[in-house]
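Both complexes below contain subunit A, partnered by subunit B and then by subunit C.
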Partner chain A sequence: MYSLTRLYAQKICRQKLIYIFFACFFTASFFYAFLISTPQMEEMLNINIGIVGRKNFPEFMMRFYVGTVGILFNVFLLTLFICEEDRNKMLYQPLLHGESRSRMIWSKIYVAVSMSMIFVLLTAFINYITAYMRWGYEIFDQTALIRTVMKYLLSAIYMSVITLGIIALCIYTRNAWKTIFFVIIYLLIDQFIYSSNIVFLQKIWFGYYFNLWTFTYEYQKIPLSELLIGIPIMVVYGIIFSQISLCRIQKIDF
Partner chain B sequence: MEKIISVQNLRKAYKKSNTFDFETAVENVSFDLMSGNIMGLLGTNGAGKTTTLKMITNLCSKDKGKIVIDNISLDSDPGLALSKVGAALDTPSFYQELTARENIEYFAHLYNNIPDGQVMELLDYVGLSSQTEKKVKKFSLGMKQRLALARAMLGQPKLIILDEPANGLDPQGQINLYRLICDMAKEKHTTFIVSSHQLHDMEKFCTDILILDKGKSILQGKTEEILSETTNIVDCILEETKAARSVLSGCQGISLVSQKGNQFTIRLENICFNDFVKKLVANHLHIRYLSMRKYSLQDLFLKLTGGVEPCIH
Partner chain C sequence: MIIRLLNIQFARLKRQKILYLFFIVMAVIIISNALQCAGSSEDNGMGYYAGGRFPTMCMQSYIDIIGTLFLSFISAVLICGERASGMFRQPLLNGISRKQLLLAKTVSIFTVALICFLFVIIFSIGTGFLLWENHIFDHAQEYFLQMLLLGFPQTTLVLFLVFLSLYISNISSMMCASLIILLVNNLFSQFFGGYISFIDFMYYLYAFSGYNGLELTSKIIVLGITVNIVTGVILVYGISKRTNNMTM
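The block that comes next holds the complex of A and B.
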C-alpha cells in the first residue's frame, strides 16, 4: 500500500491547480493585508466585522480559507483525484496490478487527508508572511499567536473530516458535478444550523463545532467543554465517512 | 499444457435504470483455457464480452459462477489469482501528462519484483522504444494500444486479457499487434483472451473461439475444429434471376443465404460443389460468375447471431 500511497501523492502534487490556487491565495492575502491597512478600510471593516487587523489577520484569513474557499478548492481537487480518474478509466488500474479495493481507497484517503492538513498549514504560513510584511513583529503577540495556532490545528481536523466526506461523496456519486452540488448544499445547511436555535441538531453537527471554535473572537476563549465534545464528534464523522467510502468501493462495478 | 483459467457458469445481471427489472448481461458462460492458447471472445455489441472480462479481472462482481486462475480461486484469494493476470480493458487510458516510460514506471512501482530495465524492455518489445520520452497525450490510438499491452505485460502475467485491442488501428497496426500476441503466446507461453470484432483476423490467430450472443455462449471450441465442421459458401452471378431463385430455393442440400439482384450467396450443406454446378446446368441457368470459398468465421458468426451475410458486388 505504501507504493500506491506514494504514487498517489506524486500524482496529486503534479496538479497545477494546487500551485495556481495558492499563488492566487497569496496574492489575495497580500492585497487584503495592504488594502485593509488604509485607515478608511480598516475603520470600515472594524465596524462591520470587528475582528480584522494586525495580529488578528491570520485568524481572519483562516476563516476565509477553511470556511468556504478551502472546502471548494478541496472539492475541485478531489473530484479530479477520484471522479475524473474514474471517468477516464484510471481509477481501477491499480486493481489490475495487484492492489485491492480497500488498499486503493485507504491510499486515496491518506493522501487526500494529509494534503488537506498541509494546505491548512500552508495557508497559515502564507497569512503570517503577508501579515509580517505589513505589520512586522506586531503579529507575533504571544496570546494571539497561541490562539491562532490552536485554531489552525482545530481547522486542520475539521478539514480532514470534510475531506473524508468529499471522498465518500466522490465514491458514492462517481460524478464530479453531483459532488460539487452536494458540497454546496452542505455549506448552506452548515450555515443554517449554526445560525439556528436547534440545539440538538447543533450538538451532533460537526460543522457547528468548527464555527464555534473559529468564530470565537479575540476576547473570548474556546470553551474546553466544546473542545472535548467537538473533537470526538468530528472523529466519529470521519470514521463514518471513511467506512461509507470503503463499503461503497467494494460494490462498484467498474 | 497446464490449465491457466477455468470459468464455470458465470452469470451477471444489471438492474435496468428507473425500473425494478434486471437485465441479464452474462448467462451461464463456461470455458477452460490452456497455457499458450489464444481465445477469441466474439459477439455483437452488448453481447456480454466486456462484462465477462471484467468479472474475470474482478472489476465487476458476479452473481453466480466460479473463476479459477492458475489453480487459485478468484473468490478465495483474489489478490493472488489476479497477480497472474494482466489486462487492458476499455479504451486505453493513461496519465496524459506523463511520458510512455513514466506511465509504465508508475505502475511498475506497484510490483516488488520488477527488475531495473524491464520497463524499457517492455516498451521495446511492443515497438515503442523510440517513443519512450514522448508524452502520452501526443500518442495515436495505435500507440496507446501498444502501450496498454506493455502495461498489461508488467509482472510477467500468465494470462493477458485484451478488450478489443485492435480498435482504431490501421490494417498494418492490426497485423503487427496480432503478430505480437502470437509471438508472446509461442515464445513465453502466455495465454490470451482477446475480445474483438475483427473476425477475419481472429480466425487466423486464435486457437480457441467463444461466441457470445445476448450474454449466452452460443459456440465455443478449437478454431480449427469449428471451421472444419462447417460447410462451404458459393458466391455466384446467374442470368434469369427469377428462375434462378426458384431453382436455388427448391434445390435440396443447399440454402440460399442472400440475394442482391442476380448475385446469390449459397451455403452448400449436403452437396458437393461439382454436383451443385451440374444442377445449375441441368436447370439451364446461365452462369456468369461462380466462386467457392471456405466458410469463414464471419459467415459462422453471422449465421449464429442472426446477422445479414454480405453480398458480392
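The block that comes next holds the complex of A and C.
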C-alpha cells in the first residue's frame, strides 16, 4: 500500500469514536433482535415482527445506519479527518515531504471511501450476527439473503458517493461547521425530493434512487431497470465530486 | 463584570450565521410537517397530530435529534472551538475568573436553547393556526404543560453539554460524541424506560414530550423533576471541578 494512504488509514483507525459507535450499534441491533418480539414493543414501535423479523431483520436494521445516522457519523469523522487537520496545519505536511497535492487528496479519497464501504459491510455483519443469535438458521433464506446482501452493496455505493461529496465540501468550505450544516441541508432536501412529485428532479437526484431501493422496495426485489439507471447516476455524481476535490485542492492557499 | 462578559458572548452568538439558518431549517421542517399532517387521515401516524396536537409533534421532532445536536454544536463552537483556537483564555488575561467565564458561556448556551425552543412552539402554533384555526388550541393545556416540564431536562442537557465540551478538544469529536450519546439514550429510553427513568435525565426529553405515546403521570413528573435536579447539581459540581483543573 502507498505509504501516505497507509498513514491516513492508521490515523482513521486510531479514532476511538469509531469503535464506540459500532459497539453501540451492536448493542442496538442486539436489543432490537431480542426485544422487539414482545407485543408491547410491537405496538410501541409500530412494527410487525412477522415482517421485520427473521430473514428480513438485517434489511430492517440497515435503514438505521444508512439513513441519517450513518451520514452524520461519516460527516463528523470526515470533518475530523480533513477540516480539523487543515485547521491544525497538518493537511499540507505531506507536501513538505515531496508529495503532490493530487496524490495527497487521492490518498484521502481512497481511505475515506474504503472506510465508508467497510462501515456499511460491518453493519451488515453485525446485523447478521445478532439475527443469527436470535433466530438461528431461519435467517438464511436464499432469496432474502441474496436480496439483502445486494441492498447492502448498493448502500455501500451510495455511502461512497456521499463520502466523496463530503470530502468535496470539506475541501471547498475548509470549515467543520459549514460542512456539517450543508450535509444537514442535503438530508432535508433529499427527504423533500423523495416525498415530492417532481419527476424531473427525482430522475437526476442520486439520493432518490437510494431511497427508492431502501424504502419503496423494502423487503422486495429491486427491478433491474431501476438499478441500471440509479448506479450510473451515482457513479457520475461520484466522479463530479472527486473532480471538484481535485480541482479545489490545486487552488488552496495553505 | 459578568454582564459585560455575557454581552460579549451574546454578540458572538449573534454573529453566528448558523443560528439564523437553524431558524430557517426549523421553519421549513414545521411547515412540511404541518402540510403532511393536514394531508393525512386520522388513523395514520401523521394524521393523529393534525390540529390540537401539532405543537406536541413539533416539540418531539425538535427534541428527538435536531435540537439536541444543534445545542451540542453551539456548545462545541463556544467552548471546544475557542479552546482550540486559543481564544478561550483571552478573557482570563483581563482579570475575569474561570468560573465567571464558564458561567457566562453556560448562560448564553441556555439562552440559545430557550430561544430555539420557544421559536419551535410559537412557530408551530402559528402554522397550526393558519391550517386548523382555533382547533390548534384544543389540547393547549396538554402541550403547555409539556413545554413547561421540558424546561427541566433541557436545562440539565445544557449543563451536560457544557460539561462534555470541557473534556473534548474539537467540534467534530464533540458532535460525534453527542450523536453516539443521543443514539444510546434513544435506545435505552425505548427498551428500558422503566429502569433508566431513575437515573437518566435525557429519558425525560422523551417522556415529557409524550414520545411514542408515553403517558404523562404525576409519578413520572415528580420523578423526572427530581432526577433532573439531582443530575443538574452533580453536573454543576463536575463543571466547577473541571474548570479549576483544566489547562486553558
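The working rule: the second predicted complex is superposed on the first by the 236 of 254 C-alpha atoms of A that agree within 3 Å, B and C clash if a C-alpha of one lies under 4 Å from a C-alpha of the other, contacts with A are read in each partner's own complex, and residues count from 1 in each chain.
Rule of thumb we're sticking to: a contact is a pair of C-beta atoms (placed from the backbone, for glycine too) under 8 Å apart; a residue touches a chain by one contact, two chains touch by 3 or more.
Only a predicted model underlies this, so the values are computations on that prediction, with no experimental measurement involved.
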Would you check which partner chain A:Ile20 touches, where first means subunit B only, second means subunit C only, and both and neither mean what they say? second
Could you tell me if A:Ser3 is touching subunit B, subunit C, both of them or neither one (first, second, both, neither)? first
Quick check on the superposed pair: does A:Lys11 touch subunit B, subunit C, both, or neither? Answer first, second, both or neither. first
If we overlay the two complexes on their shared chain A, which of subunit B and subunit C does A:Leu72 touch? Say first, second, both or neither. second
Residues of subunit A touched: more by subunit B or subunit C? C
Go through the superposed model and pick first if A:Leu80 touches only subunit B, second if only subunit C, both, or neither. second
Touching partner for A:Met90 - first (subunit B), second (subunit C), both, neither: first
Footprint of subunit A on subunit C - complex, ascending: 18, 21, 25, 28-29, 32, 45, 65, 69, 73, 77, 84, 170-173, 175-177, 179-180, 183-184, 187, 190-191, 212-213
Any idea which subunit B residues touch subunit A in the complex? 14, 54, 57-61, 78-79, 82-83, 85-87, 89-91, 93-95, 97, 106-107, 109-111, 152, 154-155
In the complex, subunit A touches subunit B at residues 3-4, 6-7, 11, 14, 88-90, 92-100, 251, 253-254
In the complex, subunit A residues that touch subunit C: 17, 20-21, 24, 27-28, 31, 35, 41, 44-46, 68-69, 72-73, 76-77, 79-80, 83-84, 87, 176-177, 180-181, 184-185, 188, 192
